[in-house]
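Remarks on the structure that follows.
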Amino acid sequence: MKHFGNRVEDLKIAYIGGGSRGWAWGLMSDLSQSKEISGDVYLYDIDFQAAKDNETIGNKFGDNFKYKAVLTIKEALLGADFVIISILPGTFDEMESDVHAPEKYGIYQSVGDSTGPGGLIRALRTMPMYVEIAERIKEYSPEAWVINYTNPMALCVATLYKVFPRIKAFGCCHEVFGTQKVLCHMLDEMGVAKKPDRHELATTPVGINHFTWLTSAYYKNTDLFPLYKEFVKAHKQEGIFKADQNWMNNFFSSAEMVKFELFEKFGVIAAAGDRHLAEFCPGSWFLESPDVANSWKFNLTPVSWRKEDLLTRKETSRKIVSGEINFEYKPTGEEGVNQICALLGLSDMVTNVNLPNQGQIENIPLGTIVETNAIFSGNSVVPVHSGKIPENVYSIMATAVYNQNNILNGFFNKDMDLLFNAFVTDRLTDKLSLADARELFHTMLKNTSKYLPDWIVRTVV
Amino acid sequence: MKHFGNRVEDLKIAYIGGGSRGWAWGLMSDLSQSKEISGDVYLYDIDFQAAKDNETIGNKFGDNFKYKAVLTIKEALLGADFVIISILPGTFDEMESDVHAPEKYGIYQSVGDSTGPGGLIRALRTMPMYVEIAERIKEYSPEAWVINYTNPMALCVATLYKVFPRIKAFGCCHEVFGTQKVLCHMLDEMGVAKKPDRHELATTPVGINHFTWLTSAYYKNTDLFPLYKEFVKAHKQEGIFKADQNWMNNFFSSAEMVKFELFEKFGVIAAAGDRHLAEFCPGSWFLESPDVANSWKFNLTPVSWRKEDLLTRKETSRKIVSGEINFEYKPTGEEGVNQICALLGLSDMVTNVNLPNQGQIENIPLGTIVETNAIFSGNSVVPVHSGKIPENVYSIMATAVYNQNNILNGFFNKDMDLLFNAFVTDRLTDKLSLADARELFHTMLKNTSKYLPDWIVRTVV
Amino acid sequence: MKHFGNRVEDLKIAYIGGGSRGWAWGLMSDLSQSKEISGDVYLYDIDFQAAKDNETIGNKFGDNFKYKAVLTIKEALLGADFVIISILPGTFDEMESDVHAPEKYGIYQSVGDSTGPGGLIRALRTMPMYVEIAERIKEYSPEAWVINYTNPMALCVATLYKVFPRIKAFGCCHEVFGTQKVLCHMLDEMGVAKKPDRHELATTPVGINHFTWLTSAYYKNTDLFPLYKEFVKAHKQEGIFKADQNWMNNFFSSAEMVKFELFEKFGVIAAAGDRHLAEFCPGSWFLESPDVANSWKFNLTPVSWRKEDLLTRKETSRKIVSGEINFEYKPTGEEGVNQICALLGLSDMVTNVNLPNQGQIENIPLGTIVETNAIFSGNSVVPVHSGKIPENVYSIMATAVYNQNNILNGFFNKDMDLLFNAFVTDRLTDKLSLADARELFHTMLKNTSKYLPDWIVRTVV
Amino acid sequence: MKHFGNRVEDLKIAYIGGGSRGWAWGLMSDLSQSKEISGDVYLYDIDFQAAKDNETIGNKFGDNFKYKAVLTIKEALLGADFVIISILPGTFDEMESDVHAPEKYGIYQSVGDSTGPGGLIRALRTMPMYVEIAERIKEYSPEAWVINYTNPMALCVATLYKVFPRIKAFGCCHEVFGTQKVLCHMLDEMGVAKKPDRHELATTPVGINHFTWLTSAYYKNTDLFPLYKEFVKAHKQEGIFKADQNWMNNFFSSAEMVKFELFEKFGVIAAAGDRHLAEFCPGSWFLESPDVANSWKFNLTPVSWRKEDLLTRKETSRKIVSGEINFEYKPTGEEGVNQICALLGLSDMVTNVNLPNQGQIENIPLGTIVETNAIFSGNSVVPVHSGKIPENVYSIMATAVYNQNNILNGFFNKDMDLLFNAFVTDRLTDKLSLADARELFHTMLKNTSKYLPDWIVRTVV
């Protein structure tokens, strides 16, 4: 890597999960538009052909970055300045179990990748992969900045730090952006500002990934809380419809009614999509049944849809590779490229990221992976001191906070009791009797056993 | 009060709720046996006749203490050295609503006075009384030591400190003793010690009242955890039966199966009666239905039983007053009198009490009323530094911890949203849809409205 | 105040100490260059004529801001959006005692306005003024942002928060900028970058005002610590000479040898002028005598110089008012105007400020006024989570940290013992015997008694 | 070890430094009086003959304990239930340098074994020995309880925990007892109680060893602070003379004038001997010169006296061994034997000990070795939650607190800069210029170099 004034050349970026047909395309698209940086992107994926296809696609995007699919993670990481991790842990078959196996027991999940029974089981098959990745980063590129996009976000980042405590890693998620867009929509509707951009807002997010809250929000120096109160009052019955700008997730919309309900209940602005928020609340509130979810105007995303969507994306990939169609450039609205530029010292930025708690949230245990704003500047990411989780919110959030640590410790200490304890105290599963919970836990582990460490597998045979 | 070597004379004790036909008789009995202290006990009760009857009964007990029923709280408190508070907030009619109204919604409670919907509503009618009591103590006996026995323990003590931060108050509960007796039973059964006394154990309790845990336990220098593990394994299917020594609560026994289950799950010793422990866990575990409770070998205590029992005790009172029968002396096993002696500097003692958290439990917010050991000595109660709530336990306990503060703040800030939030995030009520929860909350408030402050009553009309 | 897109008009700024012939001229100069904001500046000063002269001078600067001297603080504050405080507490006669009275006891001070005997006594006459100012802000402009420039910085800001806890106040100081300029000088000298601007650096300041440290420093993504180590090694014997750009403090230069010595000792970059740094260290190190100070290539600033300089500035003022000479525009390099713009939501910025510690420095007691970076954006100043004071530095810093609180508590609790304790444990005065210390304390109080509250005066008669 | 009801037999105690002619005789004397415990004491000393002599002496004491001098530390430790460490690190020649070398620079020390230049240098030669001891305990008796009596107490205990974090070690010191005796003397003099025993007091000590403070003190339920205030007022000019009961340290008396001065200054009761207290204060206060010390009515203990005293004790030893004289039994007033009994579960006790801070003192960094009360019971020592170091005291104490950690880290990280930093920021040495401080540091290291690790020695050649 070389600096030339305000340009940096010869960057090396390693992309783990580089065969991705979602995040990877977005990143390549954003990178191609950067005038400040150039270099090489090494694509590593357990599906080498997928990485190879992305190499072809990436190299169509322009000249500043060259793409190269590699066969080993070592080739990707060696000497990398940045590492991007965005993988699918297992296949959608395992995810099908994560999401749908609990339905037989009356437990419904709208996403199933962060919390709840699905999030826990997904974590257990993802963590061995992250142990491996962290060890390789420690070996081949210990000074690289590592950006994680994979879910369950908190446990992925936690695993990286557990294995390699000096890693320079953080996790990025766009869910807060979505809520900032709701606020922009509000400002426009109320005539305060004409189609403002979310970057014009100053917000204070606190929480854990996908259960994050804004404890303050300003547009210029206007406090948005009184406006939001009025806005929620006006729309809580029917919800709102807003055009979502991000082509990457336009299938997953909601009418924001969960968000509005939570504001009325807690007085702070829930800052994630409704589908995620619902999964952290008591199951009876928004996920008692598919009908209840629909009454709050959001859908449970069936894994069958994900499978079909994957086929479509594979077909799209084939067509782009073959030249039948062209990739359509659109800015993704993601911030990865800007973060890279900031870390290179080209310009500062403040945005929300997932990092170990050093005290940036006062009332969450130190070390827990939390989401707050941080300042990105030359080779440094410094979290903003963001105060406390409001105590009323904590009465439901605490379970997920402590279970993050329980799952982490259960996994690393090989303690099945602790893992089951996390499973059964979760706000979605706690409706089960202990006997039913044991049965479901066992079934779900069995369904993902191909990806589990031996010591867990032995307990489910 | 005067010290004569190892004796103290002319003590003045104020008993608020002095017409009690349970705790009061116990205390009078214990006081009569003390050779170290003597003086006067002023009995104040809103039922003056009950206090008057206890005056008669007390004065039959012996010479060292004189009993006097008084018409005003001022007479009781003025110049008191000690204040004992043990009241029934409202009547059993209100308690009937607390315990049984939720049953129509499928929510079952075994006690209903500490947590859950019953505990919350009981708190709301108790706190105005405690505001009044705290203000009078501040006015008439600010230097007195105040011992609380009323439930909900944590919120009673919290209210005293909120109104009069310099109060010298603590709350006492015998539930930990019961678990210590289980350990003694175990030592005897296993042949380690012949009928040991619970005072021979050294235990470290941490938690909140009625959801307290022993994180260490020794008999002489023998670690009891390995023994308990074996003991639980042997008895978890059928539970145990042990003779309960305390005449004051011998109707409320269990086979300790909840306790054993929680040990297997969390690895620490739950230290309260099963009926209390069950109420802090997810409702599906032990309280899904009366049958489920019975399968864990404990009963839901119906308020109708309490009503009948009260009639019996009234009749007993009448007979003792009239001289038809004599009060039968038995040591209660309670520690109130010993604590008084210790605070007078006559002898030190270590026991568990409820106090504001100054850091004695590291991971519970400061100011929360917590239960740990404390050293009692001349005019001082100093909590023992007791470490952390185990993180796995915290995944269920946290809701109750934060809701203690939410109820306190909701009450003092007149914030109905916060109170409802506490109601609906509780581990027993969270099975309700938000709509059902609102309906039940409203009904329960209505049923106790005679004792609520105006600002709450206005919301339920 | 009205927003028009990226402009704000009709701002009202109150300037307390508006007769200042230093800071006020700088601010007026900077304000005149702003294209984003306009409005009125109300100048209040106990020397009304000085304010009146500044009104004349200010109105020569341009059109965007109108200046108006007012006779009462109420007129200045009522409805103000921003309040700037920059006063001289007492006169240079009192400061003469602060700085020079201790010299008879062998205690030398290079500045005498922040710490040491001079800083303490200055605090005692400043705090009553700040009590008054805080009360008026609470009354007339409770929503205004308040920027303090007066020393002793920490105790001025602490007093504002003590009197009016909800105040939106912070303290600004340019000493960190000076150290950033040293780093820029280094980058230029070492050929890493050609005359870089300090805004291109990313640094992490931690500490208390005038005893602040950089625990990290980057230029682009280059770590400056290894470079600084080399630089210090090369220059520690002779120091460096660098052209100081800021016309406001060009009399106070040093060769940075104290800074270099402290780096060698502690391994972190001391970030204030040498004259300030020296006063927080044991007196024997750099301030044993004027000669010792000179051997470290800095001067003790005599108050006689300040008196002469004031005469010169008064004469300059007269000439500008009369039109004999024109004020020469130069950007001051101060950040007040940028901060105002950021708080109006016009653009974000990160800079170092003095704020109550909410945890942004982990190992300084909560509530202490500390200096760290903060993010300024629409109506919000949020401190950056800045980690710990290095433990080795803390072995000298702690005395000043705790004495900040001791002076604050001594003043507000009217506790002369506590004030004397702070005096006598200070790192400069602790060389005195207790008897000598008492005598000096008494003398210094007497010399400033005109400005002290009665309860202190009574102790010195 | 075997329990028989309230007796324990077959204890194995290892005594490291078992040739001691002070502490060892005291312990043997106390052990001989115990009716509850019996067993074997293994005496290990680098001076084997001294241990052998103590074997002879010990076996004269009675039957319950057998004494045996051993040639290797392994023999002493293997299977030990308790380990007692009381060694002289180096010889009095090194101590002569510790205490007297600084005098040439005008730095006077009354003891020179805990803090100040002497304490630091003594720590550096003691820590390698404690590294070795800790490793052997880890190897041979990891479950033993370890009692340390050697100074510098804090760094000895800190080293044990650093090397073997799971060690069950604590440090004991009788200095607090001495202050409790002053309070008893006061009670007697004031006619409150006739010759009360210090065990009748309830006190709350907080601090670091030899700079400990009582923040509360009661006799029965009488608050001793108002009495002490009166007492100090009456005696501050002349001090007091009280008969010291402890034969082990009757040469080291004072008139308590330092203690009284510190009470007047800080409002809390300093709880160590004046000679120790003085060394933690700024040198100008009590140790400016021998005359100043004498004016406060205490002496600097010359090491020549210690050398002579050692000869006397050697001669005494010879005579006892040969049977010329008999050892005279006196209870030492030390608590070692009682602590052993408590840890065996025979009876509880509360006393002050030195332990790593887990939060028992709220405002001292976690992990620092602090002195507070703790409850001793079966196989457990649990510190009492003791609140905060008063902030006014902290303004001088903090330097010693942070330097404890700086010395520990400097030693284990082999960081001479950090060690010198601790040396030069100390409250006694900070009067030196940096150049003089370097010279003295170098000289003192040289004088003790025989006992220093190589990496330090290399810096002083």
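As written, the chain order gives the labels A, B, C and D, with residue 1 at the start of each chain.
Rule of thumb we're sticking to: a contact is a pair of C-beta atoms (placed from the backbone, for glycine too) under 8 Å apart; a residue touches a chain by one contact, two chains touch by 3 or more.
Predicted model, so just to flag it, every value in this text is computed and none were measured.
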Note to self: So, comparing C-alpha centroids, which chain is the farthest one from chain B?
What the structure shows: C
Margin query: Suppose each chain is reduced to the average of its Cα coordinates; what separation in Å results between chain B and chain C?
Written below: 55
Next item on the list: Determine the centre-to-centre distance between chain C and chain D, using the mean Cα coordinates as centres, and give it in whole Å.
Entry: 45
Notebook entry, point to check: chain C: which residues touch two or more other chains?
Noted result: none
Item checked: Chain contact graph, described as a line, ring, star, complete graph or other shape -> ring
Next item on the list: Please list, in label order, each pair of chains that touches.
Entry: A-B, A-C, B-D, C-D
Notebook entry, point to check: For chain B, which residues count as touching chain A in their complex?
Noted result: 261, 264-267, 282, 284-285, 288, 292, 363, 365, 391-392, 394-396, 398-399, 401-403, 405-406, 409, 417-418, 420-422, 424-425, 427, 430-434
Item checked: Partner chain C, residues of chain A touching it in the complex -> 3, 200-202, 204, 216, 218-223, 343-346, 348, 350, 358-360, 362, 373, 375, 377-380, 382-387
